[in-house]
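So, here come the structures, one by one.
What follows is chain A paired twice: with chain B in the first complex and chain C in the second.
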Partner chain A sequence: MATTTLPRTQVPQLNRVQVIGIGAAVIGLALLGLGFVLNPEQFAKSYIFGFYYTIAFSLGCLGFLMVQHLTGGAWGITARRIFEAGAMILPIFFLASIPVIMVAYNTFGFEHAIYHWANPRVVTPGSPEFDPIVAHKVPWMSPLWFAGRMVIYFAIWSILAFLLRTWSLQQDRGADPIVTATRMRRLSGIGVALFVLSVTFFALDVGMSLDAHWYSTIYGAHYIVNAGLGTLAFTILALTQVRQTEIFHEHVPVKPIHDLGKLMLAFTVLWTYMSFGQYVIIWSGDVAEFTPWYARRREAGWLVVVIFLMIAAFLMPFFALLGRKPKRNLNYLALVATWIIVVRLIDTAWIILPEFHATPTEALLTFTNLAAPIGLMGVWVALWAFFMQRASLLPLNDPQMENLHAGGHH
Partner chain B sequence: MQRRAATDIYGLMAEFRTPEDLIAATHKVKQAGYSRLDAYTPFPIEEVIEEVAPGDTGVPRLVLLAGLIGAASGFIIQYIGNLVDYPLNIGGRPLDIANWPAMIPITFEAMILFAAFTAAISMVVLNGLPMPYHPVFNAPRFDRASQDGFFLCIEARDPLFDRAQTAQFLRSLGPVQVSEVGN
Partner chain C sequence: MAQAQPLRTGPQPDTGEMYLLPGETYTSISRKIGDVPLVSPLQTSRGWLLGFTIAFILLMVYFVSIAWLFIKGVGIWGINVPVAWGMDIINFVWWIGIGHAGTLISAILLLLNQGWRNSINRFAEAMTLFAVACAGLYPILHLGRPWLFYWLIPYPNTHGMWPNFRSALAWDVFAISTYASVSLVFWLVGLLPDFATLRDRATNIWAKRAYGIAALGWRGSARHWHRYEMASLLLAGLSTPLVVSVHSIISLDFAISQVPGWQVTIFPPYFVAGAVFAGFAMVILLMAPVRVWYGFQNYITMRHFDVMAKVMLATGMVVVYGYFMEVWAALYSGSRYEEYLLFNRLNGPSAWAYYGLLFCNAVAIQPLWFRRVRQSIPALIIISLIVSVGMWLERYVIIVISLEREFLPSSWDLYIPTVWDWSLYIGSFGLFFTLLFLFIRFLPMINIFEMRMFQFQENERLHRRERAGHGDTGRDIVTGKSEPGAAGAD
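Right, the complex of A and B next:
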């Protein structure tokens, strides 16, 4: 069991994934660049949307990485390297957050600041555009503190991802498995608390503050659940690429796949709970302070998207994942997972884009709204495949491997 | 009561010392083609459950049905009560079907209530409980099944069951002992 050097992963499928990722990145980013030339303001809006969508997958990976260190279990050890590779993208994706910070600073000099609170005329008393509600939030909502927070979030995430990855690789190379496992578990305990706080504030900053008047206390939790659901779906797809490798044949039974299917069902229900909970509270209260956000998302055709989400994001995956047998079939799960990832994009679009577009048709016909998520996801997937190939597919020296073997081989 | 014919026993019970032995034995018994078997262990062993589980127990379908009935009744009872029989203006909320979001929490709770009760009750009933008598308790040392013994029983109603051959087969799997279980 105690091997000193483990082979790095040479999986042709991962190479292919990387090539597809690079292809999507080139096409997406080229179109995005064209969008910047044609209409910088629309580019900025689409970029925020794409960034908010893409980084959720990395955040989900980091969150699940820490959760599985704390809970143990066969699903965690099976997916650990997938989570590690996704979390390792966070330090690099700080670069991707720079355009968002530039938008907050209004570096491109738009007439109407995309982040309303970043417009000095809105927060300066005596100005004709003065908005006392937004002005009241200036100590928190200022470009400098926005940029500062962004640095803090990425510092927290990068340190957590980097340490967990480093210790895990040390374990691979023959460091005492118990000592490294304990160290990773302890860091994860603190990390999970920091993670929930930082991701909540990140969601409030990047997503919620697009409407500086409105606030919802469940917004951050909703984003975390969205990230978790997207990540589980991505994990299923990632497993389809590595399932046929020798190492997976030898060590991974069907149980962890079944468990990931169950988690996907649970997160589908949790997403519905968060989404509907927020709505029903605001709808019941019917207070003018809170309703405009929803009013905007029900008017001018956006209601169609709402109905679509009720069916496509809840009913369909819920019933598709209800049975026991389907959840033990990776190919079937991959089908559902693909659907979930697409629907995550539409859900994120419904959360973000009504701030920029009056109708969903307008949002759909704006090509940068598609180019941004495709380009950034392409970069993300290529980086994921890169990190995936820098380590063994399973952390073979981890004490948790027992969980897989106790699961038996059928 | 006089001793009955050979097939009149309940089955053959093998006792194993460790869960691993039981897992291996169950696997071999399954491979040999036996289908009417059950295992008795101090704690649930997933691999053994996979092998001896009778497949479709009917509980999942009943729970789904009860959940759907529960959701429907939860919704309808609110609809009739709040909107048809006794419409009451609460905070200016609509008095027609547009009021549906307000009814979802109770709909959800009613679904959980029906589904959970059905799961618990149907599990007990379909298991044939309460059952004051069961032949397996005739097996020697069977009380160890709730402490440190791992038992596997091939029942006499199995089509492949043969009192002598099956006993010999079980003995070949390395049990502590094999014994006949009277009815």
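Right, the complex of A and C next:
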């Protein structure tokens, strides 16, 4: 790596962030380890939740990285390195998926497999627990094929992340900027299509199939939007950490920040739109095949979470981001972004945890449910900071840099 | 703002990299665009007369079809039980979808600072209004007693009757009427400065008076402009959620039911994407000839077509994603009705429509990945035509194939459109094109003042780049965006 040759003015100083990340990772993973010793089954459930939440940030980074290669724009060039660093975590996070694959194989030998379809008694005809609907899904939902798909997803994501990062760094080191930019744009075109398909199936596999009966065609798209929203919020927070870097002062006007604020507003609305759309369709149809999923998420106190999400995930950020002035103030945006990241966790909890816990209080009192996301996010942030410090904060040779200068300082 | 001089003069080949070809001045823009509606009636071009006549004849077909419908009732159509929604609703969804591209261009791209929208915005917005007019009439005609359509509006009445507020069909009424009125106001507000330009340029006293009245006393003062900009932004902000809500609610017309193939949670975003997809196909189909007839190649360039083709490809891929998820759901669900629906689409009596849709919307758009195809007008016209057919087939598949064979085999029946179904559909083109030809003849098709502003901004850009020492490298001078946008649509 060419860390030493990079001038200090270009590299963000993220030691503090890295230390915080490592701290959170140590505490979170230690608690998670304790959870494993005390109650392996609960550990596995919490781990799936934490993994599903954390990896969304990397997926969002990879998605936006490709989108900004395709659309251009000041926001994209400003956040490109943040996205690259987040996406580069994906190859490493394959390791984090191994416990999930082990859960699918029921390696720990739980009596009731967490993934219902992984229980041989459920899918074997003649067994008293036999469930024909789950059995119908077996060719697709089987531990082996689940693991195989996981490898495929991570292979796709890793190759995309790796190539985009490598070419981008080559561009920094003096490769023809037009040629490298074109190459990255072309890969991103195909990449977005592959990304959408693979992330959709990832969400269906890891998240949706926890309820082996239920299905919803918008589930994958909803997860992609969730990931996008969380990533935008993280990007805002990341900008507050790198803004001391000299080249940031030199090149970045307020416009890209304003644009990221607008995108965050758009994704907040998109999240609401998809969440409400799915609900209203299932509520109106009122078919026994689809309603149980929502019934579980409305009963025994979970309704409180629903009302909280309506206010906290839609109304609050929506009005907070509606005005023009607030979106041009990074400190204010960072406040909203922190809120969004916390609410993402609660939303993910509402999507995943009712499969494991009858009441939200029970879910909250289970310490591994907090330890898993904190520990994994700690690892994630530390890795992100590591990759951020390996490259210049802005891809200075990219033709898109012109967009930053054309916007002017307002 | 000083009169900007073109940096380079003389004709320039359209290499597909510029949104505004060089060689234009403020005056040339006002003249080229503004003089089209100001031509004296006796000098109206023959091409226009021919086109208008054909459109007008089709409009008469439309009126005859409606008159016969009013006399005989909906029994003249091919609808039956179980297929109670037929071509009327297919055409309704098809037309309104086409309208959505106009609002996307006029409102969403304005909010995203995409300067390239300036030259196609007015035309696309007009297309929206006319398409919504065609669409809005279908559900009313389908009512059986269309003259009682006002019963759809909730008002206190002696029958003590209210629409069912839980029904998406009732929401449709509000969504579409709001959408149509906001789009109309947005379009008219955008026309004000241009009406004033026409008023000032008109030599005929009657034209001067007519445009003068329409301009509502526009004098171009700073205060006028300030309010104008404010109103445009607010209306754009209003239109954006409206355009999404209209097609989402239309998708809910289907999705809130229990019919297999209708109760699909991906429907709202998938319908919106499909609408934009079909709409851009129509914009391309209309723009390609009009810009040649009126010599607007400098304003509507290959770069515009390139970007529109990219939007078409992107939204088309979202639609393909929707098809894919539907197939996946049928295979994954374990529900015999879902499985049968897929079987019926692939093997049933209307399977041709499903295969046609897959070809038109999924296969035919793939060449758009290549720049050479995106920059070829003939290729774009062919693909856009195929897409327009494909999106019509999509609604046919959703409506007819699902209804033909619902849950009970004993109530299955085929749907065969009658000559009146077709005449009403063909006639609706008469309404659309009559309005469109009138628009081309009497209003400026391209926003004159926005083009002048765009010209100014582009020149500023050029000057800035040349000052910055990039010099005349040719390759990426005037790459297009007046102000680099946020999430660009391409």
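Definition applied: the second predicted complex is superposed on the first by the 397 of 410 C-alpha atoms of A that agree within 3 Å, B and C clash if a C-alpha of one lies under 4 Å from a C-alpha of the other, contacts with A are read in each partner's own complex, and residues count from 1 in each chain.
Just so we're on the same page, a contact is a pair of C-beta atoms (placed from the backbone, for glycine too) under 8 Å apart; a residue touches a chain by one contact, two chains touch by 3 or more.
Predicted, not measured: the structure shown is a model, and the values here were computed from it.
Steric overlap between chain B and chain C is present once the structures are superposed on chain A.
Of the two partners, chain B and chain C, it is C that touches more residues of chain A.
Using the contact criterion defined above for the overlaid structures, shared-chain residue A:L315 touches neither chain B nor chain C, since it reaches no partner. Legend: residue contacts after superposition of the two complexes on their common chain; A:S284 is shown touching both chain B and chain C.
Of the two partner chains, chain C is the only one that A:L70 touches; chain B does not reach it.
When the shared chain is aligned, chain C comes close enough to touch A:D259, but chain B does not. In the superposed model, A:L95 lies in contact with neither chain B nor chain C.
By the touch criterion defined above, A:A155 lies against neither chain B nor chain C after alignment on the C-alpha atoms of chain A.
Within the superposed three-chain model, A:Y215 lies in touch with chain C and out of touch with chain B [touch as defined at top].
In the superposition on chain A, no contact is made by A:V304 with either chain B or chain C. The clash between chain B and chain C in the superposition falls on 112-120, which is one of the stretches 4-12, 22-30, 112-120 or 166-174. When the two complexes are superposed on chain A, the residues of chain A that touch both chain B and chain C are 280, 284, 286, 407. In the complex of the two chains, the chain B residues touching chain A come out as 23, 46-47, 50, 60, 64, 91-93, 101-102, 104-105. Taken together, the chain C residues at the contact with chain A in this complex read 166, 168, 241, 244, 248, 252, 255-258, 263-269, 317, 321-322, 324-326, 328-329, 331-335, 369, 461, 464, 475-476, 481, 483-490. The part of chain A that touches chain B in the complex is made up of residues 255, 276, 279-280, 283-284, 286, 322-324, 407-408, 410. Chain A contributes residues 67, 70-75, 132-134, 136-137, 140, 178, 189, 193, 196-197, 200, 213, 215-221, 259, 262-263, 266, 269, 273-274, 277-278, 280-282, 284-287, 289-290, 399, 403, 406-407 to its touches with chain C in the complex.
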